[in-house]
Amino acid sequence: MDFTFTQDQIAFRDATRRFLMTEAAPEMLREIWETDAGRSPALRAKLAGQGLTALSVPEANGGLGFGDVDWALMAQELGYYGIPDSLSDTACVAVGLLAGLAKDTPGRDGWLERVVDGDIRIALGHPINPLIADAQLADLLLLYHEDEVHAVPRAAVDVRPSPSIDQSRRLGQVAWQPGLATRVADAASGKRLWADALDRGALCAAGQLLGLAQRMLDLSVDYVAQRKQFGRPIGSFQAVKHQLADVATRIEFAGPVLYRAAEALANRRTDASVHVSHAKFACGETAWLAARKGIQVHGAMGYTWEVDLQMFVKRAWALDAAWGDRGFHKTRISDFVLGDDAPLGPGRSFLE
Amino acid sequence: MDLTFTPRQQAFRAEVRAWLEAHVPRERLASYDTREGFEQHRAWERKLYEARLSMVIWPEALGGRGCDLIDWLIFEEEYWRVDAPLRVNQNGQLLLGPTLMEFGTDEQKKRFLPRMASSEDMWAQGWSEPNAGSDMAAIRSKAIRDGDHYVINGQKIWSTRALFADWTFGLFRSDPASERHHGLSYLLVPLDSPGITIRPIKALNGMEAFAEIFFDDVRVPVANRLGDEGQGWHVAMATAGFERGLLLRSPARFQRTAQRLVALYRAHRATADRDPAIRDAVLRAWADAEAYMLASYHTVGRMAQGAKIGAEASTNKIFWSELDLSMHETAMHILGARAELLDHGKEASDIGQWLEGFLFAQAGPIYAGTNEIQRNIIAERLLGLPKS
Amino acid sequence: MDFTFTQDQIAFRDATRRFLMTEAAPEMLREIWETDAGRSPALRAKLAGQGLTALSVPEANGGLGFGDVDWALMAQELGYYGIPDSLSDTACVAVGLLAGLAKDTPGRDGWLERVVDGDIRIALGHPINPLIADAQLADLLLLYHEDEVHAVPRAAVDVRPSPSIDQSRRLGQVAWQPGLATRVADAASGKRLWADALDRGALCAAGQLLGLAQRMLDLSVDYVAQRKQFGRPIGSFQAVKHQLADVATRIEFAGPVLYRAAEALANRRTDASVHVSHAKFACGETAWLAARKGIQVHGAMGYTWEVDLQMFVKRAWALDAAWGDRGFHKTRISDFVLGDDAPLGPGRSFLE
Amino acid sequence: MDLTFTPRQQAFRAEVRAWLEAHVPRERLASYDTREGFEQHRAWERKLYEARLSMVIWPEALGGRGCDLIDWLIFEEEYWRVDAPLRVNQNGQLLLGPTLMEFGTDEQKKRFLPRMASSEDMWAQGWSEPNAGSDMAAIRSKAIRDGDHYVINGQKIWSTRALFADWTFGLFRSDPASERHHGLSYLLVPLDSPGITIRPIKALNGMEAFAEIFFDDVRVPVANRLGDEGQGWHVAMATAGFERGLLLRSPARFQRTAQRLVALYRAHRATADRDPAIRDAVLRAWADAEAYMLASYHTVGRMAQGAKIGAEASTNKIFWSELDLSMHETAMHILGARAELLDHGKEASDIGQWLEGFLFAQAGPIYAGTNEIQRNIIAERLLGLPKS
């Protein structure tokens, strides 16, 4: 029993953090937001250079062969630095899906290797998401059709963009025609793959939400420590302090929930989906709380486009319902907790 | 206690309803935070004025209709019932208007109020400064007397729609040696005065809803001063806080939102009920919107009997701003993965309106005195607790 | 349209308040709590002397002929002063029930007149309450049997006491035999009478809960203004101030809900039951909030038997589920709000 | 990350489970806030001690078993799984014990710890004074050196079960000229010393759960001082806050309550679902109890790797106390009109236990540093915000 990360995991996380701190400063994010594509190929290339796109790809395909536990850490960093790129869709969720295809599926190995190299963007058409993120920019789309998985090149789909309050999210409605040529998994194996993709997508969203919460808290702490009213920093007022203390408390208790979900998913434990839903719910609520309290302690500034806070707030609002909204995840929790043989109570936590 | 409307009140309601049904624009106007929308709303205000419906509680001689507050509640109910356009000149009409009514000279009243009622003059408030937000008395902008003018230097911020408005009003330090609440004067300033620069501030939704106003040797005639020199704080604070707060946030608005939320919930009931918190929040929305309406009628009745309403205004502010936020959060959760979609997206239909309302609701607990300040006021003035 | 009380109503309320302030000081309440019966016949007699028992009795029966709106005020005072007596059961709810009986019902007029005189205590066996308050001490019990109303003398029932956390509530399980001799209303008229009794009982409970909330707030304000820590009154700390400001705010907005419910009930308006449920819910939640915040700002003292706060806190906890628990009242609200033709939205508030 | 138990850990769990199943009293013991219940619990502690299960993380030589914190978590899980009796001597074992372990002389350790582990000595804490509650440093009780004794005068309050206990411990002002944190000494005082008067304080539930202790020229040997003279504050504060907090409120306790709440909800589902807030609260109870357990395992793992845990302990306090309160409030709402019934009422069955827990949960956000103080600590020490 050791519920901690390895030194390697921490070192990789810290290296990524140092990299993003310089490569993804808020000014740069704003620049990328304003572009038509909303994506920076240069940043994507650098992320690949850092090994982020190789992280989950099996070693047999030239990747690092890590997994969900590592992504629980990475996703937090992507959230914290507000990376305007659906990187985890390609490098974690799509990789999981591709790696799960029969080994002789045409294209599989090539796509995985291109993910490692960082020169492919894969969009995911999971039915839980009414719109597809980054569909317009993708090289390849993995699409759902009656439980089957279809791999469709961008040229074969029609994308109608639908703007989000989070300007870094580029969503679209996708029209396409399924056919035998695009099918890479039949309904029987597709059903399992899509279920896994949902859990993995929700886990990455949860991680980002937790990172976003921490960023909003940090920005708020910085602001209230320096902003003065009535002759003193507003951060010295109890009413301000206590709101931020509540955010810090919720963050403290959401992290371990995320990590357990990652471990359960990585090891395919019986109730992994429930743990993922718990993580998504806990991290989503925490991020919304951090957003609300962040805006509040920023005062009128919190309501503007000018302070950096807004970028993180908007992503938190948006991601909360991506890969399953609260109702979806609460239902999975509810079905588990209220089930007849639920392993509740002390002493049953890590036994299966 | 008589909770029925008199025949006169019923007739007034019928008149307002008929007029609105005949005149409310069929298409939603553009946002009043754009130049185009601003002018559309000004035109609408003109129509209201011509029907003597823009400021129903003002005296007829000043462009109003001489109604009491019950009539005003009725007017607002009818107005929100049909989703008539937002009121673009409220910062003038409701923040400055009552103060002018109380402290203005006869000449000032005649000069400013009818044009305010008709929105020929559009007003932007100039309350805040970069370092005088919650701490209102920390004002630094100066207005130094020079013969029959004041010369203004300084900066105001969070001036709503100042980019498009004609006038601003606010407090300026006319005695440069003074501190805090002393030595301030209340001035009305044309926004086209030489020396004024207006820099827009983008709101959360990306629109230029606010502005900073920079004053560089701006000359304003002494005739534009409201109340006595150096008495600006007194003038600004004296107008009944409760009535002003009530007029700014009429109960009908929140009843309308609650009604829309119930409809949204019913339309999405199957998915919404997967999260049991949603139904609870919907019921609370109705209950609290109803409570806010009832409290308004109750207080208006007490005021008519001569009761003075003071710090209770702060309980109003907290109540409606938290209610508004909670209703919009609930709507976002009902909409789920589509909640993030902007109005102008093709998939959005009426989703974008909820999102827009959700963004605006974020400002509720902040503007017009943060809810933290309101809680201080309640604790100190209503409950009598010691100052910190 | 005039949503205020008459000068007479306010004067009667103020007189009652002055009377209770001296006649029901906390020390006296504690003494009464400790007695076996938990009731003070002397206090009851004085309450009758003040006209409280005559308030709702029709003028034809020697009463004052007032009604629910007056009781909305009275009940608040009974709550505020923590009167250890189920006075409103006898003088408001039972009176409503008796007055609603056919005029020639044997006993009806005599009972009503004895209520005015203050020499009868009537306990109510409404099925919404699993136990009957003051059954042991009652002279007469009005009991439910298949929608019928039965008037049963104390001697004809068997009472098994069941103690409550609120020592001033004397609850009991009642065993009895219905018969033709005790029946005072048949099922058809009984159904309506019991429905009215429920609304009236809930209204009185709501009023008491609101009075209790105000009392707990006042006790808390007094305590924090005088209690010092870190060299200053704890009431000068924002964290304390803001908790009490929230209680004050909820109280401010619960009152008008209560008054509208009373008016609707008095005038038999269409949706009176919904308004009563709204009032019960709003006042109950407010009282629970006042209890929690009151205990919190009292610190460790709030957890003791010694401070007076506890008496009011316990009654608030208990009354919250009397005459219908939250689920009952929320269901009535829900059925109304989510109904097809609900008169929601602005401009429909007082129209029927 | 390895979330499986080792064979050794599994064997330990099996041993604890078997022992508890064989020994846990079949009938619930009387409340330990009564004399009778106190002695019943003391006898139970003796049995635990004899099985070397009373203080599993203490060294064997001092009456423990030398386990690590993972073992302790396992022990607690098994303990709460079978609703074994509450631990009557925790204030000694968990508040004083670790401090004795760190600052006691070898002689003091041998003298006090084994008898504490076996509950031959029962300890009542003497932290608070009437004017030193949240402001711990405002202590006024004096302990003036007189040769090889201290002479104590003053008063302590909120001393849990002092009416029945054998010893108390606390801080006393040994330098009468000192102020605040300075000049305090940490003393261990037999409660049967001449000059001690104990006055019980009734808790909300009417039981004499606390007491005031009055000291009137009470003589205590210098050998009963823990740490150096005048260093009492340092001694009291130095013991790791996190571990102490964790041991006092083990995650198993809240998991057990959440489990009981789920069962209660399921048993009353038809009526409970009339209020949609209840199901939501039940799900949150499970989720948060689970989160508290996970955070405990996570932190224990980090501590094993040498991480120092400081102000995070304050987040724990807030989290479990609010969770505990919320779970018990939810139970009260599920029970509805029967929730108010006391344990000894015939209609109450297990209702009274929920009510008792609800009353106790009220104290959670208050004792061991109010949640307001905890939020200050988080803001200042974890987030680095400026002092007020």
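In this document, chain identifiers A, B, C and D correspond to the written order of the chains, with residue numbering beginning at 1 in each.
By our rule, a contact is a pair of C-beta atoms (placed from the backbone, for glycine too) under 8 Å apart; a residue touches a chain by one contact, two chains touch by 3 or more.
Source: prediction; values computed, not measured.
Undergrad: Of the chain pairs A-B and A-D, which one is connected by the greater count of C-beta contacts?
TA: More C-beta contacts join the chains of A-D.
Undergrad: Average the CA atoms of each chain to get its centre, and name the chain whose centre is farthest from that of chain D.
TA: Centre of mass proxy via C-alpha means gives B as farthest from chain D.
Undergrad: How many angstrom between the C-alpha centroids of chain C and chain B?
TA: 40
Undergrad: Between chain B and chain D, what distance separates the C-alpha centroids? Give it in angstrom.
TA: 52
Undergrad: At least two other chains touched by the same residue of chain C: list those residues.
TA: In chain C, the residues touching two or more other chains are 237-240, 242, 330.
Undergrad: Show the residues in chain B shared as contacts by 2 or more other chains, in ascending order.
TA: Residues 275-280, 283, 372, 375 of chain B touch two or more partner chains.
Undergrad: Of all residues in chain C, which touch chain A in the complex?
TA: Its residues touching chain A are 237-239, 242.
Undergrad: Which residues of chain A touch chain D in the complex?
TA: 1-6, 69, 217, 221, 224-225, 232-233, 235-238, 240-242, 244-246, 248-249, 252-257, 259-260, 263, 267, 278, 281-282, 330, 333-334, 337-338, 342, 344-347, 349-351
Undergrad: Over in the complex, which chain D residues touch chain B? Could you list them?
TA: Residues of chain D touching chain B: 275-277, 279-280, 283.
Undergrad: Taking the touch rule as given, give the residues of chain A at its contact with chain B in the complex, in rising order.
TA: These residues of chain A touch chain B: 128-131, 160-166, 169, 171, 173, 228-231, 234, 237, 239-240, 288, 292, 295-296, 299-300, 302-306, 310, 313-314, 317-318, 321-322, 325-328, 330-331.
Undergrad: Please give the residue numbers of chain B that touch chain C in the complex, ascending.
TA: Listed in rising order, the residues are 1-6, 9, 13, 17, 70, 74, 76-78, 80-81, 251-253, 255-256, 258-259, 262, 265-266, 279-280, 282-283, 286-288, 290-295, 297-298, 300-302, 304-305, 312, 314-315, 318-319, 372, 374-376, 378-380, 382-388.
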